[in-house]
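Presented sequentially are two complexes of subunit A, the first with subunit B as partner and the second with subunit C.
Up next is the complex of A and B:
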């Protein structure tokens, strides 16, 4: 059976059950997504956008799905203690794709902020969710988005109304938990009104050693003058596959910072599409990946400068060890009339072994003349001269290598705007390099 | 500066200077493409059996292919059956023996083009193999070159006189299965140039070909094969023009270069095919496959191109660095104006150890044109110590044009160092202000800045070409600024 058929059959057979355990707003989009998926199927590697990740192969294995929404017995508060110290975040959990409702943090959320399960919010505030759900994520353009839209039943929703500032950083932990090979279709919706501010840290963890396939579609609306910091940290295991599509729309003068860190994983594919729709919007898109064994990390970004006076900066760094594969594709489109655009893209990569592979593909497509756009990409190894310098001063080679690698990725970590998180990441990255973080076991060794 | 400005004015008034057609008796075969047409071409050229076989194999393979669509270009559908695949501007009788025998009309054409075909132009030191439409008309300086053992002749002549060499190298760098246009060319190629530099010989002069599409409705499918044996050196120039016509003409050529141990080849192109008029009507489709194989150790290959013409340019002169310590360079200036489109760049495939490559690409777009750089740097798994530096800059003149970069880097080995940098911007206000402040008019200032911007590449061209290239730059951009 080809991989598409599996999902087509599944959907045809269980559509009623999927809908029964979800909300009307989510159900309304399924038919359209199914139609486009049935027509296009999974992209093959000939498609430019999926050149470096074989999507069909990732979807091929037979995964279980919890369409009937059976309760998975777990208390994340008990098994999960990996709080970022000194950061005092408000902690929320999504187990597989279900928002964990018990023991919600008692921390104060400003008035008007809506936070919780996407399914429940869609039931209690259907008009609000309807305005945003599926408006950016176009199923006809991406098969993964289509599959997610077909099967997604729940997820995370946050709405920050106009002029409301959420002072305390929020932390959302995605936990993958199952005793059999398992597929999760998670949906995230983040809406910021005019002048709203939010800092959100999202961490991915796996609890079990079975094979996981997690698809995530995240839609982000940043209203006029809003400020959003979104950090994504992946610490899953070698048998996890993460395919994430993030869609961001920014209105005038909004400021968004996205920082995606891949520390441990199996196969990861992150696609980020940003539309700078309003004048003066600013996006800083960062990413970092440390990969060894046969990890695969593919970051694909697309920034659409649709309005004038917008700024975009991108910085992606990879450290590849063993037989790992890294890919970066970044496209910047400057539409006609998007004058005074400033765009900068940097991708730097370290290959530590002969078997590690890096593919990088920065792209610029520019249709306006008063712009300043640049991109730079390098692939290389550690600087021999610096290594020699350190060794001649008595630093052992291994230590010197670690120091240099650490300095290399530091640039990405330094873009983080939460002090405590930055320090925490310094520590995590160092541990990762020392091989003490090959597998995060409920994070007991992080403390 | 004053002089430069006059030059611009002069050229714009003339519009496309090379847009004349020569009234020479042309032997054109029927439009259309089939196995019979290929047999006919082969028969007319009195080719050996193996070459016909190769053509037919290529044709059969071509039939299985579809026109690729990945380039950042809008190409109107091409009816391959509406093209005549062979035009012979040669007289019915056998080829001319001396200058007097060459058709005076033809000579006039070349004089207009400023080609030193006649002996008295020997001082300019070039040996020209002029390819007009499909058959090579006359090769100059042949005797001088023969003394050194250098073979520089038309492709058909090479097939007749040096069949072993041709057979040994033809299709080894660009096989007929390579791509759509390579297959088409391999099936129907009519003529071109063949160069062989023997061991240890340094070619004393620059070899030069001039391609020109003359007859209407004919495509030009020339084939160039350059072989540089051990320790040899050659610099090869190629210039292209086409007469002004309303309909599009197709040009799909193949250039193959084989570089042996310690040899060096410099290949320079000034491409000035008819770009179409200001409304984007007509012009040449330039779909070319150019590739060199640095097969020997310490071999070196350098591509320099100035692309100002063609309605659509689609070419990627590339290098396969097979030999250890071999190095390759690619220097390019691509100028597009009005409704021209260009998708050009290079491929550097590092297979040998300690191989080096440099890519410098400068794109200038004006009017409604679209200009793309597309490049691939690939380091194979077993290649140790490969080094690449790429720089591609784009300059935008006007707010309706586009400049794009699509670089690919595939690195499969940790010892490789690959760097890529790209910038896109319009002319810096600061530089303009600086010039204005010193009494230089904006238009002149832009001319100055553009010339300086392309200098890095133009400096790599041989003298004769550098002058022409500079003029072409000025002409191509006239009217697009200010």
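Up next is the complex of A and C:
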């Protein structure tokens, strides 16, 4: 059976049940998604966008799904301690795809902010959610988005109205829990009105040592003059697969910072598409990956300069050890009329062994003349003269290597605009390099 | 005490050191001079265990220990320090973290407890004073964007932090302005004692005016071809190396 068939069969068989346990706004998009998935199936590696990750293969295994929404008995507050504690009191949990409603942080959220389960928000505020849900994520263009749209029943929603500033950073923890091999299709919707401000840290964790496949489609709307920090941190285990598609639309003078950190994982594919739709919008898109064993991390970005005077800055850094593989493909499109565009893309990579492999591919398409665009990519090893200099001062080789690797990725961490998180990440990265970071439950399985 | 016997070393199959013999006793200051490319920096690299060089023959012992058996880091822990002719820039590694790792690794080797954060910062302050190094430099990445003179001053600062038994100063004077030369040389003198030894590699007498050598050697074409008292340096300053090359040729 081809990998598509099981998803087609599953959908046909359980469509009613999927819909019954979700909301109308989400259900309304399923048929269209199904039609395009049935027609196009999964992409093969010949498709430019998926050159470095074999998507079909990731979907091939037989995973269980929780379509009829059986309760997963867990109190995340009790069983779970995130590595980024005390960042603020505003801590929220999503278990698999379900927003955890008990013990919510005391409401300090400003007037008008809506936060919670996507399904419930779609039921209580259908007109609002309908305006945004599935408007950026186009199922006909991406098979993963199609599958996610077919099966997604819930997830996370936050809406910050015009001119509202959420002072305290929010932290959302995604936990994967299951006793059998399991698939989760999570949906996230983030909407910032004009002049709104939000800082959100999203952490991905795995609690069990079964195989997980988590797809996530996240749509982000940054209204005129809004400011959004979105930090994503993955700390899952070797048997986890994460496939994330993020779609961002920025209006005039909005400022968005995205920083995706892959600390531990199995296979990860992150696609980020940003449309700079309004004049003067700014995006800073960053990523960092530390991989070893046979981990795989693929970041694929697309920045669409659709308006004039916009700025995009990309910085991605990878440290690859053992037989791990990394990929970075970054496309920048400057549309006709997007004058005074400034775009800078940097991808630097360290391969600690000969078997670690990095693929890097910048792609610029420029149709305007008054623009400043640059890109640079390097793949290298640790600098031997620096290593020797450190050793000559009594720093053992192993320690010297750590210091250099640490220095290498620090540049990405330093872009974080929440002090507590930046400090914490410095520490976590150091622990990670020292092999002291507790991998999520299931470490026994981390070969 | 350092004892070098019939030391041969090569790089990429090319022999650079062709039989060096040298004994440096505690409390002594030796100057090594010699034309460009004669092998002075190679000798210092070999002493600190640079893996780029291959020792093909001979032996080096340091206070009875066979240096060839020790890694670069352990040579440092045993008290050997090289002030590099060309110090290395390490972007992203702060001077503070670099020095803390160096000092605490040395303490670990000597079965001493690590310094607390405040003890360490106090030590940094004290030693910075020895070479009058600006606090701003100490807060930057190792040598990154330092001027030539600042890098040399930083080398001696590191030496002050690590308190070696044998210091090898490879052209530490080059790049230093007149005032800095005096300050750095005085720093070196402050750190000197009857138990420590110094090898000064230089082309000029001006450094030796401050750091007075007991013995002066001329290294030429991979060998020490002349050894004499401090007056030899003055002679070289006046006459250059031709007469020595002629002596060797005879």
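Some observations on this one:
Just so we're on the same page, the second predicted complex is superposed on the first by the 432 of 447 C-alpha atoms of A that agree within 3 Å, B and C clash if a C-alpha of one lies under 4 Å from a C-alpha of the other, contacts with A are read in each partner's own complex, and residues count from 1 in each chain.
The rule is simple: contacts are C-beta pairs under 8 Å (C-beta built on N, C-alpha and C of every residue); 3 or more make two chains touch, one makes a residue touch a chain.
If you're wondering where the values come from, they're calculated on a predicted model, not measured in any experiment.
Look at A:221: by the touch rule set out above, it reaches neither subunit B nor subunit C. Which of subunit B and subunit C touches more residues of subunit A is settled by the count: it is B.
In the overlay built on the shared chain, the residue A:374 is in contact with subunit B alone; subunit C does not reach it.
In the superposition on chain A, contact is made by A:407 with subunit C only, not with subunit B. In the superposition on chain A, A:392 makes contact with subunit C only, not with subunit B. In the superposition on chain A, A:50 makes contact with neither subunit B nor subunit C.
By the touch criterion defined above, A:37 lies against neither subunit B nor subunit C after alignment on the C-alpha atoms of chain A. For the contact definition in use here, the subunit B contact set and the subunit C contact set of subunit A share no residue. Subunit C meets subunit A in the complex at residues 48-52, 71-73, 75-77, 82, 84, 87-88, 90-93, 97-98, 101-102, 105-106, 109, 141-142, 158, 162. On the side of subunit A, the complex with subunit B involves touching residues 48, 336-337, 339, 349, 351-381. By the touch rule above, subunit A contacts subunit C in their complex via residues 385-386, 388-397, 399, 403-404, 406-408, 410-411. Taken together, the subunit B residues at the contact with subunit A in this complex read 70, 72, 381, 394, 396-426.
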